[in-house]
Amino acid sequence: MLTSEHITTWIRKSADEMRDNRGYLTELDAAIGDADHGNNMDRGYKAVLEKLPDDNDVGAILKAVAMALISKVGGAAGPLYGTMFLQAANALKGKEALSSEDVELLLKSSVDGIVMRGKAHAGEKTILDSLIPAHEAYKEARAAGAELIACLDAATHAAEEGMKATIPMIATKGRASYLGERSRDHQDPGATSTYLIIKTLYEAASEGDAT
Amino acid sequence: MLTSEHITTWIRKSADEMRDNRGYLTELDAAIGDADHGNNMDRGYKAVLEKLPDDNDVGAILKAVAMALISKVGGAAGPLYGTMFLQAANALKGKEALSSEDVELLLKSSVDGIVMRGKAHAGEKTILDSLIPAHEAYKEARAAGAELIACLDAATHAAEEGMKATIPMIATKGRASYLGERSRDHQDPGATSTYLIIKTLYEAASEGDAT
Amino acid sequence: MKKLINNAEDVTVEQLKGMALAHPDMLEVRFDPNFVIAKGAPAKGRVAIISGGGSGHEPLHGGYVGIGMLDAACPGQVFTSPTPDQMYEAAKAVNGGKGVLQIVKNYTGDVMNFEMAADMLRADGIEVRNVIIDDDVAVKDSSYTAGRRGLGTTVIAEKVCGAAAAEGYDLDRNAALCKKVNVKGKSMGMALTSCITPQNGTPTFDIGDDEMEIGIGIHGEPGAERMKVKNADKITEILTTHILDDEAYTRKLAEWDVDKGESVDVEVVDETFQSGDKVIAIVNSMGGTPISELYTVYGKLHELAEKKGISIVRKLIGHYITSIEMQGVSITLVKTDDEILRLYDASVHTPALNWGT
Amino acid sequence: MKKLINNAEDVTVEQLKGMALAHPDMLEVRFDPNFVIAKGAPAKGRVAIISGGGSGHEPLHGGYVGIGMLDAACPGQVFTSPTPDQMYEAAKAVNGGKGVLQIVKNYTGDVMNFEMAADMLRADGIEVRNVIIDDDVAVKDSSYTAGRRGLGTTVIAEKVCGAAAAEGYDLDRNAALCKKVNVKGKSMGMALTSCITPQNGTPTFDIGDDEMEIGIGIHGEPGAERMKVKNADKITEILTTHILDDEAYTRKLAEWDVDKGESVDVEVVDETFQSGDKVIAIVNSMGGTPISELYTVYGKLHELAEKKGISIVRKLIGHYITSIEMQGVSITLVKTDDEILRLYDASVHTPALNWGT
């Protein structure tokens, strides 16, 4: 189970990663976008930390994250991640702890949120290219009987693979799509921030001894 | 005597020098002015060449030079050199050849023209700082009985000395004056172009075997 | 990085404060969330016009707030779309009961944030139409990209729709007008140098001393083609030819379906330029290119247009939709008709456009 | 050097050609010698106003030709004063029988060339007055320099004198007004980067990545002081303090003495700023500084002026007197009175200033 404390730890760890990778994410965005993704994510998660409620309801926590991201990030990432957390919050409303199945739902509803807002598919060099593999890897691991932490470990590896797999892709959504062929050979910034979000979920779970 | 042919040769030689020293004069002007003196002088003398009349009247030749410089140079140098040649033209109107005394008058009226237009004195880091010494050296040499060419040689050396003497001066006229102390340690562009004008007069006279 | 700024982290706020002090006769600025609002707001008895986008494109959009153009503008961080709460609050402040038209440049972030704002406003019972401007012919297709970006046609749309609101056009008529302007307008830009965002402090892209970027985006997104620098006539010819010879561009754009109460994708086809057309032209500095150079570009554009039988009947030459201090130029041509010309000529009093009584 | 130009040797001509095509409703351009002339010329039954100077400061002066401001402008080569034949021909073309006022920025070359033009015109029986604008407080004294340079006050003088001509002021009254504006106006500028003249192709001066030049001249002449870059508030404070605290500046300026029929030197003393003053402010981009940054400067200027009890009643924020693509800003404050304000507010229709009916 992931308690609401695990979730809070996750969000804090994500914020740390966004701060530490601010320059890196921005550099990735400079290559194929407008050089602001790291700044956007860091600004957003800073606002998130200020708005984190002292609440046991995971849905309420995720909703607060969503609202902070929506009102502080802007750009493409703001509405996308905002909608992602909002969908997850709706799916998990009222839960004080998340079972392994709930975490799968969290990932599924995250994918749904991104798709609903951004209308992209796998392979377009976006957030989805690390998020969908993460969800699928989690699902498969769980179907194969793995524990929550092992499932998240699988998800993290898949997200990382997915992130790297964006390098040879040609972007067809978002700002990078204007580059056409020239978007190749660059790692997608959004897929990279998504990997960080998945990775910190795994870390929060494993460090916090989630069972 | 300097014939009208000597005068025409002088003007052509001056034009060559302005072309060859265009970059140099502009560089000098970049240091303490607005980086156009070489461009201005070269543009002006190019126009002069097009307007050089086929005339034996030295006054008419110098007037044509004046009018071309006035209408093509602009900046400070245009009206200054324009007025200089105009004063000389007035002083020498109708002469088909210049005696040693006439050349002194040419230099004197040149000084008068620059002073009338620019209202500067010696020591202000301007054209006058090579022109006045040139005139005085010529006058002294002639008073001491020297030949025309020797007088011009003396004038050229004095112009060169005068030009170099502008280096430690603080400008108090023209654009360089805005620099105050910072105008020190730079050679004045206008004094430099004046040196070239005096030097080519000497060269035209000596190469053309003026007596 | 050398800039006349105080706080690189949020230059937008200090610039907005200066703007508020500079133009109290035309506009006010509200903070948290940030928006610029016309002096006479709310727009009683008429449609309100809103726009917005990342900062760094000034005078777009705040400079077009005032009388006869925008009722509000929502500036995001530099080069970052504004957030929905900005548009939500701005719309609530300017709505005069006749609904709100949001003019949105076609960037993924802008489109999504304005969409979310529209959803929030509709939940409050406010009528909203979002109209997307996608006029950048540097982007060739819409199936493999996020579609053409919004460039200079946005300025003309804001001017014309602002005038239409003042004339009393209702929301649907004004939205239809905005869409009409969009399918009649085409733009393309180029850069000689990169801009520097205050947050990053370094050039957004590297470009050689002998290179230029053709089809640049206004956020310093690399353009369609990198090539050796050419002279002004040649550059103007490249941009103008792309615009004038652009074929009918077909794409789907989201539109609000009043009956269904949801957003639907509608096929939209651009008009093409024909001999006999009368156009409004913008020769726009990307920020760092001086006005003098724009005149050389205008001269060539004028000649090329005339050769095609197209006459430039109105023109804007200056800084209208910029990319901070980037050197470069963009050209916009908007085909006019009697309605567009009448509305374009109508009085306007904003910091950046100001004419009429 | 990266510029949108064709011919570095004479960019001015190509830019003037574009300008003529762009604004046929306001002006015409004549070549050999080059000048810009207002549409309705000659100025029948009223005084004609002329100005001019080196090119590279656009919109100054050509952008101020039209209705209600300049009747003609004479552009020299880039950063080089125009030649007397330009002013001579321009004045002959615009003179409507009531004489010509020449507004001259105080640079050695400008002063001399306009003087020669005046002599030529007087020889033709045309009445001429030259009024010199010397408002740059970065220059401290006039005994050891060519005196203060002409900066932004020129724009206000051209506006106000153009309106006065339209109102029917005769030549001497208009010249007196121009002198009044000059003693009420003060300016100062600074540069973050150097400009590049097309003829030279390299920066006019070298400046470190962490340096700025305070008191820069508009031709890239090194300024009064080189210092480490500071933030916008501090820079604004330096410029504003120099302007507001400037003490009475006394110098001799050449004036035409009608009775004597010659130019005489007259002592002129600037006014100083006092609490209670109402001023027109210009926050001017040197060319490459974007509009957005000007607002930060305006915000601080506004605050500093208020602190001194001075209220900014009109303002221009944008590109008015530039130095090609130089990054930097200049501030101009002109003390007003009822006459100046009335004339400033009067209708004007030129490429760069355009308001009223």
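Each chain gets a letter, A, B, C and D, in the order it is written, and its residues are counted from 1.
To be clear about the criterion, a residue touches a chain if its C-beta (ideal position, glycine included) is under 8 Å from a C-beta of that chain, and two chains touch if they have at least 3 such contacts.
Model, not experiment: these values are computed from the prediction.
Colleague: Does the complex stay in one piece without subunit D, or which separate groups appear?
Modeller: Without subunit D, the chains split into A, C | B.
Colleague: Shared touching chains for subunit A and subunit D?
Modeller: Per touch definition, common to subunit A and subunit D: C.
Colleague: How many angstrom lie between the centres of subunit A and subunit C, each centre taken as the mean Cα position?
Modeller: The answer is 32 Å.
Colleague: Based only on mean CA positions, could you tell me how far subunit B sits from subunit C in angstrom?
Modeller: Chain centres of subunit B and subunit C, defined by C-alpha means, are spaced 57 Å apart.
Colleague: Line, ring, star, complete or other: which one describes how these chains touch?
Modeller: line
Colleague: Can you list every touching chain pair?
Modeller: Once each pair is checked, the touching ones are A-C, B-D, C-D.
Colleague: So in the complex, the part of subunit C that touches subunit D is made up of which residues?
Modeller: 2-6, 11, 14-19, 21-22, 55-56, 58-59, 63, 192-193, 209, 212, 229, 231-233, 235, 287-300, 302-303, 315, 317-319, 322, 324-325, 327-329, 351, 354-355, 357
Colleague: Per the contact definition, I'd like the list of subunit B residues that touch subunit D in the complex.
Modeller: 26, 30, 32-36, 39-40, 43, 70-80, 82-83, 117-118, 170, 172-175, 177-180, 182
Colleague: For subunit C, which residues count as touching subunit A in their complex?
Modeller: For subunit C paired with subunit A, touching residues are 33, 54, 76-85, 107-109, 112-113, 115-116, 138-139, 143-146, 149, 197, 199-200, 204-205, 217, 219-224.
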